[in-house]
Amino acid sequence: MTLLDQFQLFLKAQGWPEWAYYTVPALAGIVVIIGVVLAAVIVYIWWERRFVARIQIRLGPNRCGPEGIFQPIATAVKILLKEDIVPANADKVLHFIAPIVVFVPILMIFAVVPFDRGAILVDLNVGIVYVIAISSISVIGIFTASWASGNKYSFISGLRSISQMVSYEIPVVLSIVGVVLMTGSFSMIKIVEAQTVPFILLQPLGFLLFFMGALAEMNRSPFDLLEADSEIVAGYHLEYSGMKFAMFYLGEYGMALAYSAVITTVFLSGWQGPFLPGVIWFLVKVMLVFSVIVWIRSMMPRMRVDQLMSFAWKAMLPMALINLLVIAVEVLVIPSLQWLMLIINFGLAAVLILLFSRIFTLGGGRVEV
Amino acid sequence: MKFERYGVGIAKGLGMTMRHLFRAPITVQYPEEKLKISKRTRGNELVWFPDRCTGCGTCTKACPQGNIVLVTHRGEPNKFIVDKFECDTGRCIFCGLCVESCPYNALAMSVKYECAKYRRGDLVLGKEKMAVSAENRPSAYCRPQFEEGLPAQSLLLYNREEGGQKLKFIPLSTRKRGSHA
Amino acid sequence: MRLTLDGEVITDVEPIVGYLHRGIEKLAETRTYTQIIPLTDRLDYLASMTNNVAYCMAVEKLGGIKVPERAEYLRVIISEMIRISSHLMAIGSFLNDCGAFFTPLLYMWREREKILDMCDMISGQRLLYNFMRVGGLSQDVPAEFITSVKKFVAEMPRYIDEYNQLVKENEVFLARSKGVGILPKETAIAIGASGPVLRASGMKWDVRKMDPYSVYDRFDFEVPTGQNGDCYDRYWVRILEMTQSLRIMEQALAQLPAKGPICADVPQFFTLPAGEVYGYIEAPKGNLGFYIVSDGSIAPYRLHIYPPTLINITAFADMVKGWKVADLILTFGSMDVVLGEIDR
């Protein structure tokens, strides 16, 4: 029974017409989700800037508001007041649509993220599949943006984005299938409730693969080839300014937030935790995941595009397949012996990482021209 | 290229950044706290000692930019009266050669450094602006005799307690750390 | 730089230089020998002390001016300091080009900042020092400079260790930089490359060792070399060179005469005998030479600058052809290019 169901029942009891007690709670839920996500994104931007600054022995923004917490708002206002420039040789319609296509799916992911017990907009029975499907849509937006800009750097970025996102979907999905096998359900709530022991302990390799794949999916370092500022200036949002750029910017952080939330839900047992209320646990875990992402970003050099692809296809895909196979066998043979699974899976992770670090060769090098 | 060390190098790097997270930042919150600048600062304005200047014009010849204008007329026997002494700080490259060349120590660099102006014309300094005064203090560049009154430079090499710039502890609030100057 | 791409692969590179041309060589013809020193600051603005030294040494060579002992040692200390600062900047921006999001750059800037602080202390400015004079230094260094340098030399090895921990073994960094942008030894010699770029290709050649100028023959130091001439070697040679610079500084500090003149008796305006001279030193980026033709007046008849990065960059097109766009940025970063020197 989610909060929305309760709200619906309450409206029903008040004698509201039938159309109203379906639409009003849904609309209320959407408004709340969008508000929460945008507020969280602002906190995220602030946190990333401050955290990276402290790693880099700087202070970071600290002028607007207490400890600079209003800096993202000031930035947003500045961006909104800027002139919206459309390049002369841009495809004007696509140039307009692309930011929306990037931003909206990211908000849609949050429809199935359980913030607390019952605090979920809709408990789809295919929740995790929905997440994967929806999050792939923004690739189209990114490619549209890069194509519509009519800029060569953007176009390189768009080509990179397609290859990167499509390749990394596969290990991400395969590592999630392991979780689904253990849970026996696609529903996000069921996945959280199944985690008496967090899946990060039961499936360390799955977590690692999912985390790396997620980094690539949300264009974070070391897989941030789409917006490699030293190579292709800023990539797909090079020709964007004003509100449209803000959409991309929010979309990027919204994606990071969404994936942190999904990682928290799928691998870190979501809202579950002792003493504190569920939503606090959830937020703490999300923040922790995001901090790790920022931490990795702060020092990792960027991979090259061919290395990126060979890493996905030659290392992550076989590892994910073997991981899936072993978990499937475990679920069949020893479904109740979780401690044994834990030992086997840790051993598997160690062996596979050692093995692949020996046999896997990053691709490419010079091409004769 | 192989991942031969299975991520140990990455872990080392992450550890290094994590260690830096617990170090005090080296940022200086500029308008609130100002560092003590070098004693030999080649600051933004020349300091001119009218009583020592003989109007010989060595500085104008030494200037690589041809930037110093000096107009004199003959006054009493064997003495030049300076009518016009001008330096356009917009064209000045602050090399300090004029100060170095002055045979009568009548010219010094200033310790001022916040000298942005709204108009280009304001950058041209005349006799009155360059004359030595309480605001227009000379720096010790090529003039070691002025070294005493100036504060010691705050180096990043030393901690704050030793007169340096480095903080020892992480400040709890970063909003304003008080004046350091 | 104009690139022709086939997908991500570079098929042709055409470096286009000249956007920073200031006509320094022509300007020098209308200035006295002392007035040229501020101009040399603006060549390689990340290491302007060594530019000053190179120019002053060329003039001293032509004029037969003997530099006092203390000035020579101070020149060595300051040049090595600037070498470390320039290498820190080079490595930092190289890692930044790899995509390491400013963290290594800012760590290295912290140490560079210490060096700039000390240069500020002696010369009054942080970047364009104009500190060397024909015949020595413009003024003596304050006493606290020596103690600061000693402290810096003592604590710097720890920071170099930190840099090594940060990225030296990082797998992604190794994958990106090893075997990438190779400059073969033969090509390097053929184009006349110098500095860390040449040494990374395996050629043991350093002006300080091969043709010792100033007092470099009195110090014990090694010339680090790489094997493959790839980006990683260029990075690693620079790190090793910083350690060697620290060694030289340590020895120079120990041998530094406590007192003595710091400048030979050279007037503000002077003439040189007619003739021509080529003076060159090992600047942080390579072999920096000044060719002066004097006609006996107070200004040179012709001044030519032999900048190391311009020579190094001539091999650039061959180094990156066939590699990806990302490798081009990396290779360019590892060459340590300062455009002020290329365009003069």
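Observations on the structure shown:
We call the chains A, B and C, going by the order they appear; numbering starts again at 1 in every chain.
Just so we're on the same page, contacts are C-beta pairs under 8 Å (C-beta built on N, C-alpha and C of every residue); 3 or more make two chains touch, one makes a residue touch a chain.
Note that the structure is a prediction, hence the values are computed from the model and not measured.
Chain centres defined as mean CA positions place C nearest to the mean of all protein CA atoms.
A count of C-beta contacts for the chain pairs A-B and B-C puts B-C on top.
Note on chain placement: the centre of chain A and the centre of chain C lie 45 Å apart, centres being C-alpha means.
Annotation: 49 Å between the Cα-based centres of chain A and chain B. Taking each chain's centre as the average of its CA atoms, chain B and chain C sit 25 Å apart.
For chain A, residues touching at least two other chains, in rising order: 55-58, 298-300, 307, 362.
Multi-chain contact residues of chain B, defined as those touching 2 or more other chains: 1, 3-5, 7, 10, 13, 16-17, 20, 26. Counting partner chains per residue, chain C has residues 103, 107, 110, 166-167, 170, 172-173, 175, 179 touching two or more of them. Residues 31, 34-39, 103, 107, 110, 113-114, 117-118, 120-125, 128, 130, 138-139, 142, 144, 148, 151-152, 162, 165-175, 178-179, 268-269 of chain C are the ones that touch chain B when the two sit in their complex.
Residues 52, 55-58, 156, 159-160, 221-222, 224-225, 228, 230-232, 297-307, 362, 364-369 of chain A touch chain C in their complex. Put simply, chain A touches chain B in their complex at residues 53-60, 62, 66-68, 295-296, 298-300, 307, 353-354, 356-358, 360-362.
Those residues of chain B lying in contact with chain C across their complex are 1, 3-5, 7-10, 12-13, 15-17, 20, 26, 37-42, 58, 61-64, 93-97, 100-101, 109, 139, 141-142, 144, 147, 152-153, 155-158, 165. The touching residues of chain B, counted against chain A in their complex, run 1-7, 10, 13-14, 16-18, 20-21, 23-27, 29, 173-175.
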